[in-house]
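Labels run A, B, C, D, E and F following the written order; every chain starts at residue 1.
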Amino acid sequence: MRLCHGGGVDMNKKILYIKPSAYDTMNSQIKRYLEKYKDRATTVDVVSMPRGPKHLEYLYYQSIAQLEILKAVKKAEQEGYDAAIIGCFYDPGLYTAREICQTMVVTGPGEAAMHIAAVLGGRFSIMVGREKWIPQIYSNVCKYGFAAKLASCRSLGLGVLDFQMDPDRTAKRMREEIRYAIEHDRAEAILLGCTMEFGFFERLQAEFNLPVIDVMLAAFKHAEFLVGLKQKMNWYTSKTITFAPPEAEEIRSWDLPQDYGLGDIWD
Amino acid sequence: MRLCHGGGVDMNKKILYIKPSAYDTMNSQIKRYLEKYKDRATTVDVVSMPRGPKHLEYLYYQSIAQLEILKAVKKAEQEGYDAAIIGCFYDPGLYTAREICQTMVVTGPGEAAMHIAAVLGGRFSIMVGREKWIPQIYSNVCKYGFAAKLASCRSLGLGVLDFQMDPDRTAKRMREEIRYAIEHDRAEAILLGCTMEFGFFERLQAEFNLPVIDVMLAAFKHAEFLVGLKQKMNWYTSKTITFAPPEAEEIRSWDLPQDYGLGDIWD
Amino acid sequence: MRLCHGGGVDMNKKILYIKPSAYDTMNSQIKRYLEKYKDRATTVDVVSMPRGPKHLEYLYYQSIAQLEILKAVKKAEQEGYDAAIIGCFYDPGLYTAREICQTMVVTGPGEAAMHIAAVLGGRFSIMVGREKWIPQIYSNVCKYGFAAKLASCRSLGLGVLDFQMDPDRTAKRMREEIRYAIEHDRAEAILLGCTMEFGFFERLQAEFNLPVIDVMLAAFKHAEFLVGLKQKMNWYTSKTITFAPPEAEEIRSWDLPQDYGLGDIWD
Amino acid sequence: MRLCHGGGVDMNKKILYIKPSAYDTMNSQIKRYLEKYKDRATTVDVVSMPRGPKHLEYLYYQSIAQLEILKAVKKAEQEGYDAAIIGCFYDPGLYTAREICQTMVVTGPGEAAMHIAAVLGGRFSIMVGREKWIPQIYSNVCKYGFAAKLASCRSLGLGVLDFQMDPDRTAKRMREEIRYAIEHDRAEAILLGCTMEFGFFERLQAEFNLPVIDVMLAAFKHAEFLVGLKQKMNWYTSKTITFAPPEAEEIRSWDLPQDYGLGDIWD
Amino acid sequence: MRLCHGGGVDMNKKILYIKPSAYDTMNSQIKRYLEKYKDRATTVDVVSMPRGPKHLEYLYYQSIAQLEILKAVKKAEQEGYDAAIIGCFYDPGLYTAREICQTMVVTGPGEAAMHIAAVLGGRFSIMVGREKWIPQIYSNVCKYGFAAKLASCRSLGLGVLDFQMDPDRTAKRMREEIRYAIEHDRAEAILLGCTMEFGFFERLQAEFNLPVIDVMLAAFKHAEFLVGLKQKMNWYTSKTITFAPPEAEEIRSWDLPQDYGLGDIWD
Amino acid sequence: MRLCHGGGVDMNKKILYIKPSAYDTMNSQIKRYLEKYKDRATTVDVVSMPRGPKHLEYLYYQSIAQLEILKAVKKAEQEGYDAAIIGCFYDPGLYTAREICQTMVVTGPGEAAMHIAAVLGGRFSIMVGREKWIPQIYSNVCKYGFAAKLASCRSLGLGVLDFQMDPDRTAKRMREEIRYAIEHDRAEAILLGCTMEFGFFERLQAEFNLPVIDVMLAAFKHAEFLVGLKQKMNWYTSKTITFAPPEAEEIRSWDLPQDYGLGDIWD
């Protein structure tokens, strides 16, 4: 562990945005979107999954997608990325990804957005897609420590794949529920609780005059922040208990790389 | 609220580190220390208080110091700073400062360091100076949401003004208590729980091989991060309930500026 | 610490009610009000602040007012008062006041009223003035241990200075919200959550047939109670950790008395 | 509900201390003990149970004793007592007693002592007799809201009937455990967690220089306090939900008075 | 403690359902109802109380009934029952019964039904009879650990003795509140929160297409389960701290059997 | 949803024990072990994984194993099993498995053992293999609702594959830590916190005279219990929110069966 900071020099930050669903038609749009908000020294790439579900609204889809997500994460570390973002508000596999990385930063939209909202206002509300999502998201809210800062989870009644299909309908539903959250739940900040709700925050923020967090951007900026902490102070994931990693040798001895198509990421 | 981001351009970040105690002999040392870890586009100034206590170990000292702290914060906003840091691990006046600022970021070492530690490891321990500090710090841990992530608070048996006086003794005590926290409390990250414990983290981190958070730097980097969120996404303190501000007119009508020597910060 | 009880003799209880706002036009009315409910051996005085805000609805106003509040508290101890009441439902500076007093009792309407309500019924609702107040009051509810006993905080939509201006409007709003709290929140007791809501409880209590707590009186009677505990059993604020006091010598060495106009209260 | 206060006149407070165990050899000693600490206008009587267990260390003994306890409480109200104290730190039947009383105050040493300790210091430790007691006492600590204010429960290894048998041994064990609670658990106040631990607090308090709460006295003084609240402000148990009472008519229609020897307390 | 399991042999399970109210007109109906759902090797008997209240809606009624309940429990153990069920959703005397039994299983509808609901769905709602019941039931929800799994308690506005009197009205009210719980409280399972609400679950379950728990049956099946654990693995109530029993000798020495008509259950 | 109970007839219970690690050398031993404790009408099969890790001590191993575990679960439902047990104390994939099953019961040793221990004693301690396990297990303790019932997690310093290798060493370490848990943590029941700790409980239970829960058996008996609830009352997993299942059609449209070798389980 050697320290690599230097007064006021910004090192390059190479960040991979992992879109954990199996279609690549939006990758370049997402890349352009992130680049619009990036810091000068940041470069960002976007990958999606070669196979698997097209959205992760069910626990089962998350379980299936995890194998590819974790492969992408570990590969990113091997390829020299400074950070990988697991681009789903559920943060599927986030802790597992931290466990298997040596020093690369891994973050997710759920954790990142809540950490940001928690310092911007008293309590926040989350605009989820469906009621189905609420138990798992609430469980994450608790896990990250923000149960007392949650004003409400409100459902838009839309699926992940709906948000960008009919943006007017999406914005209309967001407006209705945000207004309700402010007036009845006393929300002071809003989280748009799905990465596919990206691109709406600026207008809504201007209309409602309080922070509206685009969780995709939250994860991206949090990744830049955490990479900065590593580059300047050498602060990165503690590898002692929660995130203590398995041994590559054991993994190889069980033939996991071959059996699960993991390539050479454990060599 | 107009948006001011632009793809990959870093705007200047002008940050004020407010040393909330009434002596200025360490200001330039602190400025140099912060500059060693700053981002390229950041400039940092350090001010200390013109009068008041020399440390804030007691609630009373914090109460007395708050008037000057808040004056410095509000003045910083008027002078165009992007962020002010209240440089005490107790975060005295942090929420009040957020209430009175219009858009300037305010952060503190307690909140910042805990938010960082919470994503770097499972549970963290805080190395405080004296047992007296523990109830107030624990209360902040709860306020910020991290009670379940706290492994322990351990007392070094040293006062704020002792830490830099005899660095060898300080480091020795830190080593003893960090070791105990790791072995008995299962700490996965360490917070050096006073800004005056600055400068020790690199050695300890190398020795113990887990994140050791210098809370002064934590606040500084968190300030840069939050300023970035404002500059790129226009995310800053929600001004609706918790941080809804008083009216300048009311303040003037009560003669507070004259009676409390607040200058023209409320004009 | 010598014991001063004696079978069935009531010692005099000299209590100071500190009105923490800067106008004295209601002081004699408040004194008469308290005297109407006092115990035989009690004498009560009322002081208001020589300067500062006229209400404490904002964190900032509380911060500014604290200096004078604490000066009044410490002076009261020097002058031989048995107890001081910090007359604001937020209890601004309550813990700090306990820290700096040697043996004098200090209490506040928030803590006192909640301790009383907690033994009178299952859950209580608090009638606050504005939504702005709720986060800070809820934070106090938690701090004192009564989160599970809180049925709701309901806002009357009135400011501190409105309550006594138009008593009919105030009573009307109280009735509406109390009714709602009973019917929808299952409140079993009501707190009128601001000292300036004094004088309304008797009528409301008779109408709704459950305890309606006037928080000014709650603090006053709690002060008498705590003074009694000190006089009979020598039970008073523990001075070991949370309320361990600063050293007067240190305070003087930093010129705080001169710089902050504290007079000779630290001599 | 007519209000009965009058400026500074102390009405008589007639209090019954119910010793919930079936021997009367200590009644007069307890009466003298309480009278030593009483207010001028207070009169106190002590009754013990005509039959039943001699201590309540087991849930079963508490269940058996409740019938007589509640009979004594209800009879006390009928006889014009202003308050009844259920003299066991477990507070057996406290909520039930509040349910069946119309306006008489009922209190218990557990609730009373914790409410007092909670305002005297940051956290308190309880000196219980045996480990067996801890789960039930901890459950009460939570019920009353003070889980976060509990430093520890420490067992003296003595039964209820031992405490007054060999006072030197009792005091020795108390000293050992109090010292441990202060040094290791950071206790700032001590509760002697059984009414039969009465009479020890003055010496221990003087030795350890922090509040040592005699829970029998705590209940007694709390009863005086609550009676005062009723006499002056008409604040007493809310009878709406938690403590809504059964109908006397229903009780009589089921022959409970005859079948359970309840006399005419429900006529 | 000798182990009595044997591969795949079902020992007889002799279970006593204790109806804790003083009328026996429904006992045979309840026995037939339970037998409809019993396992092959189970036999069940139903007893009601010889005296006491006819329902336990008040704390007072529960206190009075406990003596007979506990007598019935202890007698059941003496008579060789494998389990006793205390047939009231409040679980009156459940922990006390576990304390006094040596190895016999004791269970209650509250604990049993919540343990079942907790594994069948995310969150459950409880259909109580009256608002009066909610505080005590909520307290049990917390005691058993399921506060985070409770969606709501909803009141049917009916008393214990009403449920079976007018089944159509009862079913209508259940339907209304269950629908509300599902649509507004996001309940995923329903508890019919009184043993006298037995017999309704099948229809409601079919209509609403989610688990509707009949708490009488829940207790019965849980009793069979726990008896099985004892018969096969010798797992039964830990007798060390919480449920450590009083000494029969002490009980006899205080004449409790004679004075309380306990017969020879402590010989 | 048609009801299938019938008075006192035990339907067959066909249970699959899924050993989620990739070796089958212990399958028949485990089958025999379970059969020793089974009910008469139960049949049990044991399967292990065709590929994957040999233990699940790391989050990563659990992520990798989940695909095969869920395949085995879904296949079991298709083959007519009444219940599947996911045989790892972490309960990997338990909630996901409940999501994808239509009516088949799924249970796991963690959830099952804690539900059992929670009714057998006041607080339990868990004997884990390594400190690494504690955060994840503690997280499950909280998820299931038993945080307040946990006395401690104690580490034996042994891995999953060690327990059965050297049973004497394992038993010795268990004894040491159980003794400590009883004497210092006041544990009233013990969980042997890994399915590979099977076979030790009888001796330890006899020695320590309190419940020692073999978590493999706990899951097995809990599965029998839950199957009984389904067979008799039609109570099984609520499929409305938390466990609402994905559409098979969507799964097929994404080619998941082919891409992940899921066979025809989604046809």
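The criterion applied here is as follows: a residue touches a chain if its C-beta (ideal position, glycine included) is under 8 Å from a C-beta of that chain, and two chains touch if they have at least 3 such contacts.
From a predicted model like this one, the values you see are computed outputs, not experimental measurements.
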{"item": "Chains contacting each of chain B and chain F, listed by label", "value": "A, D"}
{"item": "Copy pair chain B, chain C: interface residue numbering same or different (half cut)", "value": "same"}
{"item": "Distance between chain centroids, defined by C-alpha means - chain A, chain D (Å)", "value": "54"}
{"item": "Euclidean distance of C-alpha centroids - chain C vs chain D, Å", "value": "27"}
{"item": "Centre distance in Å when chain D and chain E are each reduced to the mean of their C-alpha atoms", "value": "31"}
{"item": "Geometric centre distance via CA averages, chain C-chain A, whole Å", "value": "46"}
{"item": "Two or more partner chains touched - positions in chain D", "value": "122-123, 131, 134-135, 186, 241-242"}
{"item": "Graph class of chain-chain contacts, one of line, ring, star, complete, other", "value": "other"}
{"item": "Chain E - residues contacting chain D, complex", "value": "22, 51-54, 57-64, 66-67, 70, 93, 95-96, 99-100, 131-132, 134-136, 139, 143, 241-242, 244-246, 251, 254-256, 259-260"}
{"item": "Residues of chain B defined as touching chain F within the complex", "value": "122-123, 186"}
{"item": "Chain D residues touching chain F - in the complex, by the definition given at the top", "value": "131, 134-135"}
{"item": "Touching residues (chain side chain D, partner chain C) in the complex", "value": "1, 3, 5, 7-10, 35-42, 107, 111, 115-116, 118-123, 144-149, 182, 186, 188-189, 201-202, 205-206, 209-211, 213-214, 217, 221, 224-226, 228-229, 232-243"}
